[in-house]
Every structure is written in structure tokens, then in C-alpha cells.
Amino acid sequence: MDTAQLVALNAAYARAIDNEQYERWPELFHDPCFYKVTTADNVARGYEAGIIYADSRGMLEDRVSALRKANIYERQRYRHIVGLPVVLGMADGTAEVETPFLIVRIMRDGQMDVFATGCYRDKVRPDATGAPRFAERIAVCDGGRFDTLVAIPF
Amino acid sequence: MDTAQLVALNAAYARAIDNEQYERWPELFHDPCFYKVTTADNVARGYEAGIIYADSRGMLEDRVSALRKANIYERQRYRHIVGLPVVLGMADGTAEVETPFLIVRIMRDGQMDVFATGCYRDKVRPDATGAPRFAERIAVCDGGRFDTLVAIPF
Amino acid sequence: MDTAQLVALNAAYARAIDNEQYERWPELFHDPCFYKVTTADNVARGYEAGIIYADSRGMLEDRVSALRKANIYERQRYRHIVGLPVVLGMADGTAEVETPFLIVRIMRDGQMDVFATGCYRDKVRPDATGAPRFAERIAVCDGGRFDTLVAIPF
């Protein structure tokens, strides 16, 4: 697994969400998996609980269903700008990676704000076909505006 | 045409605009070409018209001239942060690519805001010398502050 | 020195600062070195002075010490989103590189703003072990909120 593959995986991840092709998002994970959205403050304090949590593709798919219903009411769009991945280590075919992100939220009236910034802490390994997939993705937010009805995937 | 070349093309594009070397911007296109700035809303509604439109290098150069004159009055700067390109397909030597972008506007007094975010939808193929150039670039904005006298290239 | 190495160097730089592992920051420079934070306005006017200046690892380390003391009072976090590097030339084993950046500041209450945008103008060459290090890094800010007690490295 090289940097080019990690870059492609991250680009596909951002594109699925920003193009509102949410159904493609769970496909980028292994099953079972570990997905969590938390904050740097919570991590620093040793809190295990996250804002969002899933440990299977089924749970990720449930989130997509909830999002599709909520989206009838909330019409904001999001734009992920994903930074450069740093490979911290490689063990048993699994890469440990950190990748910074910035998410801009675009309201229906065109108003934009920085919705969240942070760092993805990932474990990535290939699936049976050789395609790299997330065994684990923890989105550690520096801060954020967690005021939406049902949050998009981070 | 590989990802490294697409990254280099996008970096050169952003640099030409942000360093105010606008004359280098048309050189990154084929002639004829197709360049359009539009919004995600317009695309979703099937509207063909764009905020900015050009189908030749000559039209792009006209825009640069207009910008040079307008800049006597407007002194803001811009900064493009271009994300990771996703190659969607390759046909007849032309790559179809999507690349997210974020543009920050810096006013004369140092005030900054997110000016626009969106996604470039590109068709890229090499010119006679082998250098990759845009046959087509459609900047689809998620939203934006389209209030400047003469917009910079997106 | 190839683009992948420059990307890795920039990612390590951003990570050291954003993860508040400031002690790793001077290690990314040669000794002696040249580090300066300035503004596009100052560069355009030919002003040599910078907001921050250092010409040795020792000076960079002093800045880290000052930052560690100031951080008792100021608890904001930062997030660097580093763009795609453009290699402008290569001479005597030293690469001349420009890389755009965007820094978001996250206040203690979760409020976020665009803290600075700009372009790194770098000279990069390998150290004795072959690892690429900054011989020179000039952070040219488009604008910025330079109101902190002791600024983080840009």
C-alpha cells in the first residue's frame, strides 16, 4: 500500500460525501470496522465515547438512511479538503495513517463557514480484491459546529 | 497521464492565479477549449448557462485583460487550496478528472473569508509537446460570494 | 528529491505543529537555516524584516520554549492544510519549491476562523542521512490575524 493508494482512497471518501453519493461511503470500510467521530478534547481527557460511532457496515448504512431522511429538511452541502497523508507505520499489512481534513459547510443561501477541522487516524488494509479499505477511521475534530439534525459522515 | 502530472497541472493553475501571473492561466488550456464557472444548484437544475464562460484561449485572454483593468480598483488577493484529484476515466488519451477546491479571499485590510468551494470537472489531455492541458474545465461551485466587479478565474 | 519526499516533509511539518509536538519542528531544518514569516505586502514593498525570523536551530528551539510558556495562557489549536508543492527548479542538489497553505485557528470554545493563508517559499536539500530538510523556509502570508501573544510556527 503506497501513498498514491491512500490519496486515492481519501479522495474517493471525500467525493462520496460531497457529491451526496452517501451509499458509496460504507463500501470504503471493511466489515466489521471501527468508525468514530470525536474531538481532540475528548481524546486528551481519555473519553472513549464519540459523537458518532459504528462498528459494522450495517451501522454505517443505517446512518446513511437516517441522513437521507433528514436531508428532506436540511439542505446544506459540505466540501471536504483533505490534506497530505502521513504513514506512521505498517504492521501485518495494515498501514497506520494520519490525514488532516477541513470541512466547509455551504448553507442553502450560499453562506459558507468552516464546519470542522481535524485529523483522521486510520488503519487501512487491502480487501480480498486488493483495494485499500478502512479497518478503522477515527475522525478527531479540533472543534466544530455540531448543531445539525443528523450529521454527515466526517 | 498519471496523478503526478494532474497534481502538477493543478498546482501550476492555482499558482498562476494566486501569484497574479494571470497571463499564464490561458496557457494551461487547449485552443479551442471549454471553460465554465457554474454552481451545483445550476447543474442540478440542468441550467447550461454559467457565471463565466469561454471556448477559446482568446476569450480567456480577454478575461485576463478585463481583470488587469479591474484590479486597479479592487485589490483583494485569493488563495486556492486544491484537493486530491480523482481520475474517473480515460478515453482516447483524455482523462476525465474531478478535483475539489477551496478559495479564500483576502481583503486589503487583511480580512479573510472563504470565497468559494467546489469541484473542478475536467477533461485533460497532452498538447503537442506532451504537456497536460485542459480541454475542458468546469468549476462547479457549492456556493460563493459572487460580488466582485470582475471575478478572478476559479 | 522527488515530489513524494516534498509532500512527506510538508506533512511532517504540519503534523508537528498541529499535534503540538513543537520540539519536532526545528528538526526539520538544517543548521544553520533561514526561517522567516512575512506578508505578501512586505515582499511587494521590498521590506526585508519579518514577523518571525530565525537563522539557526537554536533560535527555532528558543521559539518553541517561548511557545510552551505562552501556551499556559493561550489554548487555541491550529490546523494546517498544505496544498500541492510546485518545484520551480533544482540546483546543486537543492530544490526551490513553492507550496500554498491555509491555517485554521480553533479557539477554546470551538469557534474556528481562517487564521492565515499564504505560500511557503522553500529551499530543500537532503541532510547527511539523505532526509530532505529545509535550508530555507519563508512563509509569505496573504494576510492574517497576527494578534496572538506568541505565534505558533507557520
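So that you can tell them apart, the chains are marked A, B and C in the order they are listed, and the count of residues begins at 1 in each.
Convention: a contact is a pair of C-beta atoms (placed from the backbone, for glycine too) under 8 Å apart; a residue touches a chain by one contact, two chains touch by 3 or more.
These numbers were taken from a predicted model, which means no experiment stands behind them.
Judged by the touch criterion defined above, the protein chains are all mutually in contact, each touching every other.
For the self-contact between chain A and chain C, the two sides draw on mostly distinct residue numbers; the shared fraction is below half. In the Cα superposition of chain A onto chain B, the rotation angle, rounded to steps of 5, is 120 degrees.
With centres taken as mean Cα positions, chain C sits 27 Å from chain A. In chain C, the positions touching at least two other chains are 81, 102, 114. Against chain B, the residues of chain A that register as touching in their complex are 4, 7-8, 10-12, 14-15, 18-19, 77, 79-82, 102, 104, 106-107, 110-114.
Partner chain B is touched in their complex by these residues of chain C: 3, 40, 81, 83-86, 98, 100, 102, 114, 116-119, 142-145.
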